[in-house]
Amino acid sequence: MTDFRQIENNLKKEAKRLLEAGEVAVVLAYGRGYDEKHPMPFAAKTIADVESLVFNEYCNFNMASYLMRYPWGTKIAIAAKAADSRAIIQLVQEEKVRREDLVILGIPAYGMKNQKTNEVVDSKTTGGLYNPVIYDILLGEEIHGQKIVSPYEVLAEYEAMDKEERWAFWKSQMDKCIRCYACRKACPMCYCDPCFIDQNKPRWADKAPQSPGNMMYHLTRFHHLAGRCIDCGECSRACPVDIPLYLFHKKVAKECEEMFGQAAGMKLEDKPVLVDFRVEDSDKILE
Amino acid sequence: MSFEPKILGIACNWCTYTGADLAGTTRLHYPPNVRVVRVMCSSRINPSFIFRAFQLGADGVLVGGCHPGDCHYNTGNLYARRRLAVTKKILEFAGLEPGRFRVEWISASEGNKFAEVVQEFTAQIKELGPQQKLKIDELQEKA
Amino acid sequence: MSQAVTPYLEMSQAIIEAGGEALKKCYQCGTCSGTCPWTPITNFNIRKLVRYGQLGFDGIEDFMWGCSTCKFCVDRCPRGVELIDIVTAIRNVYSGGGMLPQSLRSFVGSLAARGNPWSGDPAKRNDWAKEKYPLYKKEMEYLFWTCCTICYDPRNTRLARATAELLNQAALSWGIPSIDVNCCGESVRKVGDLELFERLKNTNLNYFQANSVAKMITVSPHCLVTFKKEYGEDYNIVHFSELLASLIKEGKLKPKKDFGGIKVTYHDPCYLGRHSGIYDAPRDVIKSLPGVELVEMKRNREQSMCCGGGGGGLWMEKLKGERLSDLRVEEALATGANVLATACPYCITMFEDSIRTLNVDDKIVVKDVTELLLESLEINIDEPVGDMCEIV
Amino acid sequence: MSRIGVFVCHCGLNIAKTIRVSELAEFASTLPDVVVARDYRFMCSTPGQEMIANDIKEHRLDRVIVTACSPLMHEHTFRKVIEKAGLNQYMLTIVNIREQVSWVTSDIEEGTAKAKALLNGAVYRARLLAPLSSRVIDVNSGVMIVGGGIAGIQAALELANTGKKVYLVEKNSTIGGHMAQFDKTFPTLDCSACILTPKMDAVLQHPNITLMTYCEISEVKGFVGNFDIKVRQKARYVNHDKCNACLACTEKCPGKGISEWDEGLVKRKAIHIPFPQAVPQKPVIDRDACTYFLKGKCRLCEKVCEQKAIDFEQQDTFIDVKVGAVIVATGYNLMDTSPLVQYGYGKYPGVYSALEAERLFNSAGPTSGKVTLRDGKEPQAIAILHCIGSRDKNNYEHCSRVCCMYSLKFAHLFKEKTSADVYQFYIDIRAAGKGYEEFYNRIIEEDVKFIRGKVARVAESSDEPGRLIVEAEDTITGKFVQLPVDMVVLSPAMIPREDSKEVGRLFNLSTDKHGFFMERHPKLAPLSTMSEGIFIAGTCQSPKDIPDTVAQANGAAAEALTIVSREKMELEATTAMVNPASCCGCQNCVRVCPYGAPLFNYEKGVSEINEALCKGCGLCASVCPTSAIIARHFTNEQVLAEIEGLMEF
C-alpha cells in the first residue's frame, strides 16, 4: 500500500528545495481542504506555502489542468500521479506546455479513493497504471506486481448491451445533465476558450439543460477528446449528478487505441491521433 | 404510405460529387432520398455536422470522399478517415444503429459506384425505419 | 516416383494460424541462412524451413528441429521476419501430429508429468537448499526464481547455492519459491507444445499471485525472457548478473581474492544478450575481479555464437562435428583463456559436455560469473561433497 | 434581410421532363428572403443570362440561386453574369437538379420533391453567403534551382534557354554532383565526364544563369510568384573576382584535406579546386586543413598569388534573391555502411563502397584508373554485394534502383581492367530500363559469377592474411558459400542528403520518414510539391538513374515555366481565416495543414493563416474545436444551414 505520509513529506521537501533554489516559480500540488476527505488543488509559491501541502488517498485532482494558467515559459513543478503524468505528456504533445519548463514530481499511488463513494478508483481510471509515465523526481517507491487490469475491463457490461439498452442508458444519463460544465472544468484537456458550446456563431446546440442540447454537447465533447482523454476520471467525479462520463471516454479511447495503435499521453514524441494519420490506416475502421 | 427516409449526403468536390454527376450523365437511376451537400474535401466535415444532421431528422448520413491516396489535397481524406471513424464509434456506443452512418470512397470515375451505394444505403435505411433517437422532436416529446 | 510437388496451402495456413504470421513477409534472400551458425555445419537451413512453410511442402520435418532460437537471424533479417515465431509455429503444427523426435520425448514427457524437464521429483525441487535458505514470503523483497536446471541438474545446483550465498552476502531480503511452482516453460514453448506451456505458466502465475510476488531474480536468461515476454504481467525482474553488477558498483559486494592474472573469456548467452540486450553487466562483474583479464572471443556481444542449447537443443542428440558448443569452446581456447565464463545454466551444461568430449578439461573450465564472484569473496560452498539431489 | 433571386432552368426537357419546373419556381417564391423566382428554358443562353442580370438590377438582388445543371458545368458562367451585373461573384449558389436529380430519377413526383429539398437547402445557405475577393499578384520571372548536380544543371539550361533568369545554387565549390565522380555510365558505358563537362561549362557561360557555388539557402520567405530567398555565400577566402584561375596557389599549399571528390581515398590541398574540370575553375580554402587557420602561420598561397586574390579575412555574406519559382534538386548520399559490422566496411581495407570503387576506375582518380587495392596490389577475386542497407527494414526499406545496374557496370570494368574473378551476391537483379536487360545479358556472357544470396558476413581469412572471406548461402543450391576474395564492393542504400529535412523545412516541403521529398501526387504530379511554385527533380525525390533524373529536370523546368511565364496570378479566394478572438491555441490547424498555411503566433497565442498558401480544403476548420477558423464559402454556419434546409423537406 502506498505510504501517503512518506509522499507528503517528500512532496514538501522537494517543493521547498525547488522554491528555495528558484528552480520553479510555483509548485502545483494539493493543499488542505475543509476536511481530510476534501483536499484542494494548491499552488505553492512561497516557502511558507509549502507547509500547507498535503497528500492523501483523496488527492484525485488532475493537477495538469492548472498548468495552462501560467504564462508560457513559467517554470512549474507539478505533482503527478499516473493519470496526471499522462495529461502532462498529452499537453506537451499539444504544445500547451513545454517539457523543459516542468519539474514533474512523480507520485506512484495505489489505493486512491473517490471522496464521494469511498471506493478505490485505481484500476478504473488510471489506465491500469500506478506509476507516473514520466517524472523528474519520484516521491515514493515504484509500484510493481499489481495485477494488470485492462482499463477497458469496466466497459464489458456496456458493450454487451444491445443498442436499444445502450441508448436508453445514455439518454437517461444525458437527460440528467444540468449543464454546469463541471466536467469541462475538471478536465485537463478541456482548455478551449471559448468552448464550442458557448458560441453563438455557429450555434452548435441549444444551451438549455434539455435533452437535445445535452446530447449535442456531450457527443461533440467526446469527439473533441477522442485520442486525447487520458482516463483520469475527473469528469465523472466532478459531475454533481453522477453521469458516468468516464465510461464513454474510455470507450472512445479504447477504439482509438485499437484503430490507431496509440494511447493518449504515453509518449512525448507522439502526435495526437486525430490530427495525424497513417497511409496504412485501414478502411476497416469505418465499418 | 411507405417510409421514405431523408438521407444527408456530404460529398467532396473533386471525387464523389463529380462521381455523382457522372452517375447523372450516364443516366443511372437511383432512389431520390439522398440530398447532397458539396464540400471541397471530405476532411472539411466537422463531426458535429453529422451529430446535427441526425438531430435535424436525418435517417441516415452518407459521406463520400476520394480514395485514400487520391485526395486533391493529398492527405485530407486520411485525416477524415480517422475523424469519421471516431464519429461512427461514438454514435454506435451512444446506441444509434451503426448502419445509419456510412463513409465511402467514390472517385470521379465511379458514377456506377455512387448509384449503387445510394441504392444500397437507402434500402438499408428503409429497413432500419425512421431515426428517432437523436431527432429533436422525438427527444423533446419523451423528455 | 514423381518428383513434382504441389503447394499445400492448408498447411501453410495452419502454420500462420499457429503464430507464424511472419511467414508471409520473407523474400528468401538468404540473410538468415547465411547468418545462422548451423548452416555451415549441419543440413539445417532456416531459409528453406521458411520456404517449405510458405508453400506447405512435405519434408519440412527433416530439418525443423535444427533451430536453437539464438535470434541472430531475426536481428539481421531485412524484412523483420520473426523467424523464431515461425519455427515455434511449425513445430507446434507438426508436433501436434506426433512428430516429436525421440530425444525430446523424455523431456517433454517429464514436463507434462513432473513439471520439470529433468525427470526430477517435484517434491524434491528444493532439496538442493537443504533448508538452509528461506522460502519466499509476502514481505520479502525478492523472489529468487530457481530454474529447474539449477534445482535438479547436479552441476548446476552449485549455481543455485552460489546465488543463494551471494544474496545473503548482499544482505538482501529474499526467498525461494515453494515446491508448488514448475518450469517456466520456455523450452517447451520453443519446441512447439503451446498447450503444455500454458499449463505450466498458469501454475506459476497462480503462485506469484497468491504470494504477491513483485520483484524477481533469475539466473537463467531463458526464464528471464519468458517471464518478461510471454507471461503478460509486469514483474520487476532482473537477471542475477545485473543485480551483481549494481551491488558491486554500490560497494555492497567487494571482490577480495586475487586470481593472479588468469584470463577469462565471456560467452554471451543468446537469451541474455540478443534476446534481453544485456551485454555489459556480466562483463562488469568479471572486470571487477582482482587479477583477472577479460579477453573477448572473435564473435562477441550482438554477434555472439550460440552454444546450441536453446530451443530444445539441450535435450537433443547431436553428432560430433555438428555441435556449436564444440566450435565455441575452440573459439574460447583460441583466446588463450583459462576460464570460459557465462551466465546461463544451459550454456554451462553444453560447454561442460564439449570440454569433456574435446578432452580439453586441463586447459579450460566453465564457470558462471556468479561462481567467479563467489570465489573471489572467498566463500566455499563445495563442502561436503556427495549429497547432491537424487536423480530419478 | 437579404434579397434572393431564384432562376430555375428547364434545360430543354433534360430537367423539365422529371421535375415540374414551374411548380419549383412557385415553391421558391414562398421561401424566406426570396424576392423573385422564375423558370426558363435555357438559363445559360444569352436571354437567360440577361434575365438574371435584369432581375438583379430591377429587384436589387444581392444573392442569386441558379437551379440548373452541376456547378462543375456552369458555375463559372453564372459567376461572370452576376459579377457583370454588379454582384460579387461568390454571392451565387447553384442547385444541381440535372445531374443529381432529373437524370437519375424516373418519377416526376420524386424528382420535384427532391429538387424542392435541394432548393430549400440552397436558400438557407445563400442567406449566409458573404462577398469574397480574390487577389491578383505580380509574378517574378526568375527561377532558383537548388543543387548543381546533373538535375540542377539540366533544369538551369532548359530554363535559361527560354530566356528566364536562373539562379543555380550549389553548396560545394563546383557544380557537377555525383555524376562528375563516375567513370562510365550504364548501360551504354559512355564516359561520364565527356557528356557532363560540356553542360557544366554551358552553365558557366550562359548569360541568363547566375551561378552561386559554395552557397547555402538560409531563409525562404514569400509564396508562389514572389519568393524572397536569402542565400549564404560561404567564405572562400579567395576573391573570385580577382582570381584568374592560374592555380599557382594549389601547387605551393602544404595543407592536406580529405578529397571529397575522391571519396577520401586520397588527400588534396587545403586551397584547391575539387577536380580538374571543376566549374568554376577557381579555388577555395578548406579552413579545417589550412595551415594558417590551424596554426596561425603559412600564407604561402597569398605569397604566390599575383592577383592578390587571397583574403583570409573574408566572411560569409548574404545575398537576397527574388524569384517566382524554385526547383529543388539536392540529390542523394550513399548510406554509411560502417555501422553494419557484418560487412566490415571501415574495418577491413579490402572493403569498398560503391562510390570509392567508381573512383578506382576513373583515370582522374587516385589510382589513375588502375584497379588496385589500398596496398597497390591487383585483386584476384572480387565480390560485389547488392542491397546493403536497401530493401532492409532495419535500415532503408526502399530499393535503391540503380545498384543492380552499376554493380553490373562494375563487373564489366573489373573484367576489363583486371584479370580477377568477379562475383555478384544479389537477391534479385532488377534491370527494368531501356537497354538494361540487354546489358545484364552482356555481363553474364562476360563470365561474371552470380550467386543468389544476401551476404551474411565478411570476415578476415585465417589462412591467407589480408584476404577476406565472404559468407553467404547460395539460395539456389542451398549450399553455404565461403568465398575467399581480395576486394569487396558494397552497394549501399541511396539516401537523401543529410540536410534534406532542413532544406524541406526551409521550403516547406514534406519529406518521407527518411528525408526524400514528397511529391504532390505520386502519379499525376510527381514534380510538384505541396508548396505551390516549388518543384523537385532527381534523386532528392527518390533513388533514380541519370536518364530519369534528366527527364525529371526537364519536366520540372517546364513546370516552373508555367508559373514564371505569366505576368500575373490570381490567388484563391475561398481560403480559410482565423478569428483570433476564438482561437484557443491548440495548434491543430498547424499540425494538419498539408500546405503549411497556418502558423502559430506565440506572441499572441493564436494561429494565423497565410492565405497565399491556403488551398481552401477546409481541413483546418473541421479540426478547430472552437470554430475559430472560418473556411470561406464553406463556413460552419453555411454548411449547417444547408443541412437544416435539406432536412426540412
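Remarks
Note that the chains are named A, B, C and D in the order they appear, and that numbering of residues resets to 1 at the start of each chain.
Simple rule for what comes next: a contact is a pair of C-beta atoms (placed from the backbone, for glycine too) under 8 Å apart; a residue touches a chain by one contact, two chains touch by 3 or more.
In this text, all values refer to a predicted model and were calculated from it rather than measured experimentally.
Counted as hops between touching chains, the shortest connection from subunit B to subunit C is 2.
Distance from the centre of subunit C peaks at B, each centre being the average of the chain's Cα atoms.
Distance from per-chain Cα centroids to the pooled protein Cα centroid is smallest for D. Two chain pairs, A-D and B-D, are weighed by contacting C-beta pairs, with B-D ahead.
Inter-chain spacing, taken between the CA centroids of subunit A and subunit C, is 43 Å. Averaged C-alpha coordinates put the centre of subunit B at 36 Å from the centre of subunit D.
A separation of 34 Å divides the Cα centre of subunit A from that of subunit B.
In subunit C, no position touches at least two other chains. Among all residues of subunit D, those that touch two or more other chains are 592, 623, 636, 640. In subunit A, the positions touching at least two other chains are 196, 204, 274-276. The list of touching chain pairs reads A-B, A-C, A-D, B-D, C-D.
For subunit C in complex with subunit D, the residues that touch the partner chain are 27-31, 33-35, 39-40, 45, 47-48, 76-80, 303. Residue ranges of subunit A in contact with subunit D, taken from their complex: 72, 94-96, 191-196, 199, 201-202, 204, 224, 271-272, 274-276. Contact residues of subunit B toward subunit A in the complex are 47-48, 51-52, 55, 68-69, 75, 78-79, 81-98, 102-103, 105, 133-134, 136, 139-140, 142-143. Contact residues of subunit A toward subunit B in the complex are 158, 163-171, 175, 196, 204, 210-212, 215-216, 219-220, 222-223, 226-227, 248, 251-252, 255-256, 259-260, 273-279, 281, 283, 285-286. Residue ranges of subunit D in contact with subunit A, taken from their complex: 582, 584-588, 591-592, 600, 602, 605, 623, 625-627, 635-637, 640.
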